[in-house]
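Two complexes, one shared chain (subunit A), two partners (subunit B, subunit C).
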Partner chain A sequence: MVKVTYIAHDGSQTDIDADEGDTVMHAAVSQDVDGIVGECGGAMMCATCHCYVDAAWADRVGTRDRSEEDMLDGAASEVTERSRLSCQIKLTSDLDGLVVHLPEEQF
Partner chain B sequence: MALAPLDDTITLAQLTTDPYPIYRRLRAQSPVLRVASAQRTFLTTAELTKQVKDAPDLFSSNDPNTPMKPAFRAHTLMRKDGEEHMRERKAMMPALTPKKINTDWGPLYQELAEEYVGRLPRGETVDLFTDLCGPLAARILANVLGIPEASDAEMQRWSQHLIDGAGNFGWKPEPFAISDKANDEMDALFAELREKRIAQPDGSAYSVMLTAEDPIPMSQIWANIKIAIGGGINEPRDALATILYGLLTNPDQLAQVRAQEAWGKAFEEGVRWVAPIQASSRLVTEDTELGGFEIPKGDTVMTIQASANRDESLYENGEDYIVFRDKNPHQAFGNGPHHCAGAHIARRTVGKIILPLLFDRFPDMRLPDPSQVLWRGFGFRGPINLPVTLN
Partner chain C sequence: MTPETVLIIGAGQGGLQAAISLRQSGFAGTITLIGGEPGLPYQRPPLSKAYLRDGKAEALYLRPESFFDAKQIDYRPDTWVEAIDRTAQRVTVTGQSGAHALPYDHLVLATGTRNLRPPIEGIGLACDLRTLRDAQTLRDRLSQPTRIAVIGGGFIGLEFAAVARALGHEVAIIEAAPRLMARAVSAKMSAHFAELHRDWGNRLHLGQAAIAVEPSGVTLADGTKIASDFVLLAAGVRPNTELAEAAGLACDNGVRTDARLLTSDPAISALGDCASFPDPRSGAQIRLESVQAATDHARLIAKRIAKGDAAPYSAQPWFWSDQGPCKLQIAGFATPDAAEEEIAAGIIGRFDASGLSAIETLDNARAHMRARKLIASPVPITRAELEEIAA
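== the complex of A and B ==
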């Protein structure tokens, strides 16, 4: 199990235990975490699973590729250097304790 | 393992008139059912429909023998998979993202909505389906696509003729003759506008595709625009009419929506309640299993989003329009790589612009006789009239 913390735009915090190999998007959707929609199911087609990786985790999460950049570019909320599509972050044991912040809106 | 049970009692006419009692029965008794009249295996629970949409390798969109091909004179991205689909879809996406819609285009949509709502006569009973929902959906789409030179009537006619051709599973010549004429007209307009959209890029879908660094072939650019015309008018039109019906027949909810400006929620609930696109087909690429039944390679399964959206395991009183639900994980826009490309535009235009504008202008708008409203459709569904008194 990998622990993930989602901090909503209003500051409320949700901690979940996710399976290794799951994505940050899918773990949130399957455990009813508000603020991640993930409507396309991880096909990088909807830009509704936008999150900001907490600064402390930036190095471990990896970088976004060109396709992710393209889709993120159209996200509803402000895109920063810490922005990721959470469907593209796969949970490994290295990410146990990961903290992500959620944008004000996804669409 | 056995094949799913075979039904030979359900008719297409029943599904077109009112499929919901049938779907309710199927969810309880036979969520995987081969329906002879539709020549498809119906999947009616949310779990099954999502499972299929999220596994595009196993459940392919690719159908080389679809009547869509002659109807659109192209093998379109709707019926492609993988990289090929992705490339054609991504070519158009920059015109359709939330950011583009909200920031760059918001003011234009607002202006168009004000113009069309402003034309409606106060104090009269008007069919909003024909006088607002259809024409405004057509006007907004024409702008998004970069073909505002097309009239509302042309856009709506082309859309319907493409749909009729694409649904011509009997392969009769007449519907293709009609869609051919629509294709001729569209091709002529696209050809005429091409240089202009290159010379003056405007962020519209046509312009974005034409001016891309590595553009897709012109035939596919045109096919993409046609897909958007065929699939981008009925849905916002029907969504708007459905939501208006839902709100006007539930005045308590309407009052609460107005007080909280919960138009976005009213929108989501409308498309959940009666999904404008009710069902989609997928071709099975390998022998597999769904819901305990054998699903052979070559079978065509039909995900019934309309039914998934009322699944008792997700929704209490799912047959009713109830805006203030705790959760509303509907599948009206589909899932997976073919997730509706127009979802953000629909949410923005219908949910955030048109609904508040209309109720602001006509605060005492009412539906004098809800029983006069007729609903139709199996693949696409919504009211086909909406006589509303505007005050």
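== the complex of A and C ==
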């Protein structure tokens, strides 16, 4: 199990235990974390699973590829250097304790 | 007056989204979500893509069981609606607990579509790819080397064919129209995908209708026999409008709605694949088969019910199809007769009497996202703006 913390725009925090191999998007949706939509189911078609990786984790999460970058262009909230599509972050034991922040809106 | 009891018929992605959005919009009344299939609501798009490869059903579920309790959504799987009584505002359902009536103040029709079964001799032998159960059956069939005939060269048939071929199976694709995906994409994009599928080793039979299915294979109109061990039928869908029609609602290639997605009865809305609604761009009644339309419809309906928001539907459509390693993305919606023009390599514009209607892109998310913004523009697009997409 990998622990993930989602911090909503209003500061409220949700901690969940997710399976290794799951994505940050799917883990959130399957455990009903508000603020992550994942409308296309992880097909990189919608930019509704936008999150900001906590600064402390930025190095371990990896970087976004070209397609992800392009899709983030269509995100509803501000895109920063810490922005990721959470469907593209796969949970490994290295990411146990990961903290992500959620944008104000996904549409 | 805000309704107190909302009943949603259909627990696909659109029906579920209506329930989710109602709660997110602050609706505090009763929500009943009726689904015809067993189990939790799930995503259909991966059934012809990732699920065929990985078989992970749990990855398809849209919400966990605990969600329905937490949000006080009365979800009833494996339940069928027999009739809508509009005068009494109630529906008759049959399910595990027998037949009974459920009242509503507002009813949402999210009944989706069913697969078209053309009048082909022996078509009963063909498999479908619509439900999770269908996909499970197909996965079993793909577990050993096999020869497959796919009837229908649309998105679903081609996505399945690409996966099956990559798994090493022999695949023949039979399409009655002279080109692939003719209803959805330009002739240029069709030709490109025909080439891709041929390169992968799939055999294409275009402009040839299947006339008979037998255990040994499929016979085409010109007498060609295609040997196959099993047949997938993916020849399109028809909207599930029977309930609406029997209740006297206006239907025309779907349950007809106005720009607020209200049917001819103001106590009933319709959404997603079963709804025929005015295209925000052209004003023509259209029906879309897509996750985007189903969920955007659902959000609009929920806001109207919960908050009295009467804004007309204005979302622009988008579609995608993953075939092998290639991703086709479409921003906007073009009818099959729309003109086409290649704007740059792999970027094709579609045009009708009111101008730009859609932009097709291939493996180019950047251009697709730019295209979405252009399509949404309320003012006519200049040539320079169009070319900017490829920059």
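The rule we apply is simple: the second predicted complex is superposed on the first by the 107 of 107 C-alpha atoms of A that agree within 3 Å, B and C clash if a C-alpha of one lies under 4 Å from a C-alpha of the other, contacts with A are read in each partner's own complex, and residues count from 1 in each chain.
Just so we're on the same page, a contact is a pair of C-beta atoms (placed from the backbone, for glycine too) under 8 Å apart; a residue touches a chain by one contact, two chains touch by 3 or more.
The shown structure was predicted, so the numbers you read here are calculated from the model rather than taken from an experiment.
Colleague: In the superposed arrangement, does A:Glu39 touch subunit B (first), subunit C (second), both or neither?
Modeller: In the superposition, A:Glu39 touches subunit B and subunit C alike.
Colleague: Once chain A of both complexes is superposed, is A:Gln31 in touch with subunit B (first), subunit C (second), both, or neither?
Modeller: The second partner, subunit C, only.
Colleague: Under the stated touch criterion, which partner chain does A:Asp70 make contact with: subunit B (first), subunit C (second), both, or neither?
Modeller: both
Colleague: Identify the residues of subunit A that lie in both the subunit B contact region and the subunit C contact region.
Modeller: Residues common to the subunit A contacts of subunit C and of subunit B are 29, 32, 39-41, 43, 45-46, 67, 70-71, 73-74, 107, listed in rising order.
Colleague: Write out the stretch or stretches of subunit A touching subunit C in their complex.
Modeller: Going by the criterion above, the answer is residues 26, 29-32, 39-41, 43-46, 66-67, 70-71, 73-74, 107.
Colleague: Would you mind writing out the residues of subunit C in touch with subunit A in their complex?
Modeller: That would be residues 43, 45-46, 49, 58-64, 66-67, 70, 291-292, 295, 299, 318, 320, 322, 329, 364-366, 368-370, 372-373 of subunit C.
Colleague: For a test of understanding, state which residues of subunit B touch subunit A in their complex under the given definition.
Modeller: Listed in rising order, the residues are 50, 53-54, 56, 89-90, 93-94, 96-100, 102, 327, 329, 333, 335-339, 341, 343-344, 347.
Colleague: Which stretch or stretches of subunit A touch subunit B in the complex?
Modeller: 29, 32, 39-43, 45-48, 67, 70-71, 73-76, 106-107
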